[in-house]
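Right, one structure below, let's go through it.
Naming follows writing order (A, B, C, D and E), and every chain is counted from residue 1.
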Amino acid sequence: MEGPEPIVKFTALRKRYGSGPVVLDNLTLAAAEGDFISLIGPSGCGKSTILKLVSGLNPVSEGQLAVLGTTPRQARDRQAFIFQDATLLPWLTARRNVELPLRLRGSPAAERRAKAREMLALVGLDHAQDYFPRQLSGGMRMRVSIARALTLSPRLLLLDEPFGALDEMTRNRLNEELLALRERWRFTALFVTHSVSEAVFLSNRIMVMAAHPGRLHGEVRVDFPYPRAGELRGRPEFQAKVNEVSRLLHEVEETVSP
Amino acid sequence: MKAPIMKKPSSLQLWLLPVVSGLAFVGLWYGVRRWSGLQSWILPTPAEIIAAAWTERARLLAAAGNTAVGALAGFLLAGVLGFGTSMLLGVSRALRASLYPWLLVLQMTPVIVLTPIIVLWAGPGLPGIVTVTWLISYFPIVANMTQGLLSTDMNHVALFRMANATPLQEMLLLRVPSAMPYYLAGLRIAATLAPIGAIFGEYMVGNSSGGTGGLGFLVYSYNTQIKIPALFATALTSCLLGFVFVAAVSFLNWAVLHQWHDSFERADH
Amino acid sequence: GRQPASSPAGSPGLVKVRFQTDWFPQPEHGGYYQALAKGYYAEEGLEVEILPGGPNAQVMSSVAVGRADLGMTNGDDVIVAVARGLPIKMVAAEMQRDPQGILFHEEHPLRSLRDLEGKTLMAGAGSTWLEVLSKKLGIKFNLMPLVGDLARFMNDPTFVQQCFVTNEPYFARQRGAQVGALLIASDEYEPYRVIFTGRDYLAKHPEVVRKFVRASVRGWIDYLGGDPAAANRLLAAKRSDLPAEFMTYSIKAMNDYRLVAGDPAKGERVGLLTAARIQKQIDLLREIGVLDRHVGVADVAALEFVPAP
Amino acid sequence: MKAPIMKKPSSLQLWLLPVVSGLAFVGLWYGVRRWSGLQSWILPTPAEIIAAAWTERARLLAAAGNTAVGALAGFLLAGVLGFGTSMLLGVSRALRASLYPWLLVLQMTPVIVLTPIIVLWAGPGLPGIVTVTWLISYFPIVANMTQGLLSTDMNHVALFRMANATPLQEMLLLRVPSAMPYYLAGLRIAATLAPIGAIFGEYMVGNSSGGTGGLGFLVYSYNTQIKIPALFATALTSCLLGFVFVAAVSFLNWAVLHQWHDSFERADH
Amino acid sequence: MEGPEPIVKFTALRKRYGSGPVVLDNLTLAAAEGDFISLIGPSGCGKSTILKLVSGLNPVSEGQLAVLGTTPRQARDRQAFIFQDATLLPWLTARRNVELPLRLRGSPAAERRAKAREMLALVGLDHAQDYFPRQLSGGMRMRVSIARALTLSPRLLLLDEPFGALDEMTRNRLNEELLALRERWRFTALFVTHSVSEAVFLSNRIMVMAAHPGRLHGEVRVDFPYPRAGELRGRPEFQAKVNEVSRLLHEVEETVSP
C-alpha cells in the first residue's frame, strides 16, 4: 500500500434506478480518514442515494466505489447509517430500539442496557426510554434513531439529515456532542444536511451538489481546527464560510429553479 | 364549546351486541321454520336443539373432550410447523421456489386419497385424526405467515442489512415480529378449522371402541339415526369448542399486538 | 337441470313420477332401469324419472319434502324415520334381504357375525345393524369409519369392512384378493330394502303408487330372470365406470343371495312386505333402543300396494 | 474494486428449482416405495400414476371440467362475498361485534350437518356443490381481509379524517387498498381450498347426473374399484386444477401490488 | 355575535395521552382571522399535539377548544393539515396523491388533474408526477404532501414542519409561495417550525413554547406588513426579530437542558 488508502472512493460513478433517469452522474470523490464531509444541495439531487451506495444498500450502475478498502457490503460492519426517516421498529420501546445493533452483535444484556441508557441520555431522552415509537414526537423518534446509530462507535458514519426535525438548541447541542464523539473515536463522516451553518460547523469539506442529473458542483474546504466549540459560530470567519457555501448553492439552484 | 366526545360503543355494548344480534338470529330462525314449512328433521328449532343437547349431554361432553384433544394437538402442530415452514420459505427465494409448489400439492390433495397412508403411517384413531387436523389447518398459516414475512418494510430491512444482521437475525428480530398480524390472522383461520378438521378426521380415520368416539362419530351416528336435533346439538358443541380456540387466538393477538400495532390504536375520535 | 328419463319422454297423458335412488346408478337399481327401458312404466301410464343419488343422497327427506315422489332405502331407516316424525311409508319391498354384508379375507374367514368379537370393523357409525350386533347379540368390536376406500382392506389380511355383497367383493377379487362376504341379514335380523313414498303423496295418488310398484316389480323380475341388457345399457350410459362383467357379477350375487326374490320356501317373493316381519323389525328396534316413540306396522307401511303373485 | 453483484437466483433458476426439487421429491417417493414395502394400492409410484392418468385421460378431463365449474363458481362467490362481508365488518365495530360470532358459527358448523338444508334450498348437484365450496373458502377470506382492514396505518386514517372523508370513502380509497396484501393472501388460501372444496361438495351433495360426475365422483369410483393409481391421478388432476387457481391469484397479486408494495421491492443486494 | 369570532380559541386547555404525563398544560390562545401563528419550541414540547387537537384528531383532556366557531371535527372541511411525516398513500402516484382531497370531495377528474398539476408545479415536482412514493426522495415526498394540502384552499391551515426536509433555496421559495397563496385566499395558519427566521418571515405572531409539561412561554408579534418579499430577510429589523425570538427560545431551553 502506498499512502493512506481513502476511506471512501468514488471513481467516475453513475447511478440510475432500474431503467429510470440518471440520478448521479460522473461522481468522483475520495474521503480520507477522519474527513467530515457534508453533502448539500437541492432536494432530489441524490444525496441520500450517495449514502445508499456507500452503505451497499443500492448497487452502483457504472463506475467504481470502494469503501474502507473493500466493497461497500463488506465494509458494513464498520459503518453506521442514520436514515432520513427514523425507521424505528414499532414493536420495541425506545430503549430496545437503541439496543438493537448491540443485540445483533450479541452483546450481553447488561452491557446493552447500560450503553442504551448512555446514548439516550446523550440525545436527551432518558425520560422516554420505555415509550413505544408511536408515543414519541417526530423529533424524539429521530433522536432515538441517532442514539441507535452511535452505540456501535463505527469508523464510518453516514448521516442523512439527522437533525432536520430538531429545534435549534437541541440541534446545536447534538452538533457539539457529535464533534466530541469524533474526538473520542475519530470516525469519518458523510453528512447530508440542508443547513449551511451546520455543515460549516461540523465539516472539514463541504460538497455542493447540483441536480438533474445529480452531480458535484463544487467543494468548499473548512479549515477551522478541531475540536471546535460553539462559540465558533459567532466568529466572522465562520460567517464568511457560510456565505461562500451559500453562494455556491445559489449558483446551483439558480440553474434549476424556474 | 367542548371538543367532541365521540359516540363509540362502550365495552358493555360490545358484549350486548352479539347477544342482541343472537336474539335477532334466533327470531329469524323461528321465522324461517314458520314460513318455509321446514320440519324438525330438517331444521330443528333452537329450543329443540337445546333440549337435545341436554338429553345427550353426557355423550356430547365426552365426545367433545375426545375431539378437543385431537383438535388441539393438530392445531398446535399446524401453528408450530406453519411458523417454521414459513420461516424457511421467507428466508430464501430459492427455498420458496423449491418448496412452495409441493406445499400446495400437499394442501390440494383431497384427504380421502391420503387416508390409507395416514392410517398406515400415523395409525388410526388419535394419531390419524391429529394428522388430518394438521393437514387442514396448516396451509392457511403458512400462506399468511409467508406473505407477512415478505411484506416487511424495506426501510427496516435496510436497517438490518446495515447492521450486518445475519439472515437468521433478520428473520427472528425483524421479519417475524412484523409478520405477527399476518400470522395471527392465519392462526385465527386455523382455530376455526381445527375442530371441524378433527371432526372430519374422526370421520375419515377415527376409531371408536364401544361407541365412545368424538363429535365426528356422533355426527355420523346421529345423522344415520336421523336424530336431527341431536345432530345440531353436536354442531353447537363443535362451535363452542371452536369458540374456545378462537378466543385463545384473540387473546394471543391482543397480547402480542396491542402495545404497538395500529389495529389496536384507539382512534381517539 | 332435471331432464326426464329416456324412453317415451314427453308423451302426452303420462303421469310424471320422480323416483329417488340412494346411490349413483348401479345394478342394485337394475329393476327400475329395466322397467324404464322396457317401457313397463309407460304401459302403466307413468313417465318415471330416476333421480341418481350419491353419498348423502338424503333420500327420505327428499321424498318427505316432495323433492321426489317415491324413493328407496333400507326398511329399518323408514321405521326409525317415521318414529322421528318423517311423513313417509313403505309401500313395497325392493329386496327381501338387505345386500349389506361384511367383507373379509379368506385367510381370516368370518363364518358368522359372532366371529366379529374383538375385531376392528370398518362400517358406517350409527347404522342400525351395528346396534343390533352390540346390543342384541352382545358382540364387542371396535369401529372404524367407512370412507369408501378398499385400500386398507387390501393391505391387511385381518381387515373386515362393511360392503354390499353385490359390489366390493368383485373389485377385491379382481385385484387378486381371496375374499368372502358374509350377509348381515340373518334369522335374528332381516331388514327389507323398500320402496317408500310420502304420506301426502300416498293419500293423493294411490293409483300412481300402485302402478309404480307393479311396474317396478315387473322390472325386477325381468332384470334378474330375463335379459338385463336393456337396463345395463341405460346404466352404462349414466355411468361410464361400470364394466359389463361387474354388472353380470352384481346380478349373479343378487340371485345367489336371493336378495330380491327371497326364499320361496318361506313364501317370499319379489315386492312382498308382510306385517309380521315388519312388526318383528319394529320390536327389534325398540329393544335396542333406537325408537323414540311407539310405532305400529300401519304407521310405517301400507301393505295393499304389493301386487298379488 | 467493483460494487458487489449479488448472487440472486435468476428467473431461469426460479423455474428450474421447483423442477429440481420435484425430481428430488420423486426420488424420495421411489425410495419410500422401495424401503417401506408399501404396495401399489396404498402408494402407487409416479410412473404408475402417470400411466393411469394417461389411460383415464378422457374421464379425468371431463370430470375436471365439471369440478372446475363448481370450484370456480364457489371461489368467485367466496371472493366477492368475502370482500363485501369484510367491508361490513371493517366499517363499524358494532357490526363487527354483532356479526363476527355468527360468521364463526357458520364456519365452524360441520358441513355434514348443513347438507340436508343445502340440498333442500340450493338443490343437489351443482348448486349444492357451489354452496359447499363457498362455505369452505369464504371464511379465510373474511378473516384475512378484516384483519387487513383493521391494520390500516393510523397516520393515513388521520389524513382521511382530516379530509372529511365519508366512512365509505375511507373504506374504499384507504382501507381496501391497504388491505390488499391481506385479501390476496386470503384469496390464495381460498384458491387452494376451492377445488378440494368442490370435490368434497361432490362427495356430500353431488350426484352423477349425466354420467360424468366431477373428480369427487371419480375419487369415490376409483376408491371402491381399488384403482389406486387412477385415484392418485385424480388427486393430481385436482392439484393441477388448484394450480390454475393459485396461478390466477398470483397474477392478481402481482398486478395489484408490484408497483408499490414492499413484497415486490427488489432488494437491490 | 359580538366582535369577530376567533378562528381558533384554546381556553385553559390541558392534554394528556391516556394516563400518561401532562403533555400540554394551561394553554390559552386565540387565533384571529388571517393570523399566521408559528409555534416554536424544543422537541417534544407539544407542538404537533396542538395541531392534532385543533384538527380534532385527538380529544382535549380538560378545558375548551373552539375552531371556526364550532368543534374541531365540525370545522374539518375548512381545514387542511400537513403532517410531520409525508403520509403519502404508497399505492398512488405523486399526482394521484395530490388529487386525493379533491377526489374525496367528488371533483370531476379533469379538474382534479389540472389542479394537481398546478400544485405539483408550485412545489417544483412537475417532472415527478407519475412516480410512486417509494421512488421519491425524502424532500420530494414532503413537497407532494404540501401540494396535496394546498389543493383545497382551506380557511385554516395546520402545518407541521412542512419545510424541515428541504434545502434552503427551495424552502425560501416555498415560504414566499405560501405567502402569495395567503394573499390570494387569506387563510389562517398554525405553523410548526424549528427555524426562527422562517417563523419571523412568515408569521405575524410567534408562540415560543416550553416543555415538561408543554406550555406557552411567550409571544412575539411580528408587525412587518404583508405582502412580504424575500428581501425582507436581509433587513436589520428582521434580524432584530430573529434575535428576540432566539433569546426567548434560549431562555426556554436553558431551563431544560442538563
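The criterion applied here is as follows: contacts are C-beta pairs under 8 Å (C-beta built on N, C-alpha and C of every residue); 3 or more make two chains touch, one makes a residue touch a chain.
Please read all numbers here as calculations on a predicted model, not as lab measurements.
A.B. asks: Using the touch definition from the top, list the chains contacting both chain B and chain C.
C.D. replies: D
A.B. asks: Expressed in steps between touching chains, what is the minimal separation of chain A and chain C?
C.D. replies: 2
A.B. asks: What pair of chains is linked by the largest number of C-beta pairs in contact?
C.D. replies: Maximum number of inter-chain contact pairs occurs for B-D.
A.B. asks: Looking at C-alpha means, what's the farthest chain from chain A?
C.D. replies: Of all the other chains, the one whose centre lies farthest from chain A is C.
A.B. asks: How many angstrom between the C-alpha centroids of chain E and chain D?
C.D. replies: 49
A.B. asks: Express in whole angstrom the distance between the two chain centres, defined as the mean CA positions of chain C and chain E.
C.D. replies: Those two chain centres are 84 Å apart.
A.B. asks: Counting in whole Å, what is the centre-to-centre distance of chain A and chain E, each centre being its mean C-alpha position?
C.D. replies: It comes to 27 Å between the two C-alpha centres.
A.B. asks: Taking each chain's centre as its mean C-alpha position, how far apart are chain C and chain D in Å?
C.D. replies: 38
A.B. asks: For chain D, jot down the residues that touch at least 2 other chains.
C.D. replies: 42, 112, 116, 120, 154, 161, 203, 223, 261, 265, 269
A.B. asks: Which positions in chain A touch two or more other chains at once?
C.D. replies: 56-57, 85, 134 - these are the residues of chain A that touch more than one other chain.
A.B. asks: Going through chain C residue by residue, note those that touch at least 2 other chains and give them in order.
C.D. replies: Those would be 61, 65, 147-149, 151, 155.
A.B. asks: Enumerate the contact residues on chain C facing chain B in the complex.
C.D. replies: Interface residues on chain C, with respect to chain B: 60-61, 64-65, 77, 80-81, 84-86, 120, 124-128, 134, 140, 142-145, 147-149, 151-152, 155, 290.
A.B. asks: Tell me, which parts of chain B touch chain C in their complex?
C.D. replies: Those residues of chain B that touch chain C are 38-42, 112, 115-116, 119-120, 124, 202-211, 213, 216-217, 220-228.
A.B. asks: Quick one: which bits of chain E touch chain D in the complex? Just the residue numbers, please.
C.D. replies: Contacts found on chain E: 55-57, 76-77, 79-81, 83, 85, 87, 89-92, 100-101, 103-104, 132-134, 152.
A.B. asks: Chain E touches which residues of chain A in the complex?
C.D. replies: That would be residues 17, 20, 40-44, 47-48, 84-85, 124, 128, 135-140, 143, 160-161, 164-171, 173, 194-196, 246, 249-250, 253, 257-258 of chain A.
A.B. asks: Please give the residue numbers of chain D that touch chain B in the complex, ascending.
C.D. replies: 8-9, 13-14, 17-18, 20-22, 25, 38, 42-43, 93-94, 97-102, 104-105, 107-113, 116-117, 120, 139-140, 143-144, 147-148, 150-154, 157, 161, 181-182, 184-185, 188-189, 192, 195-196, 199-200, 203, 215-216, 219, 223, 231-232, 234-235, 238-239, 241-243, 246, 261-263, 265, 267, 269
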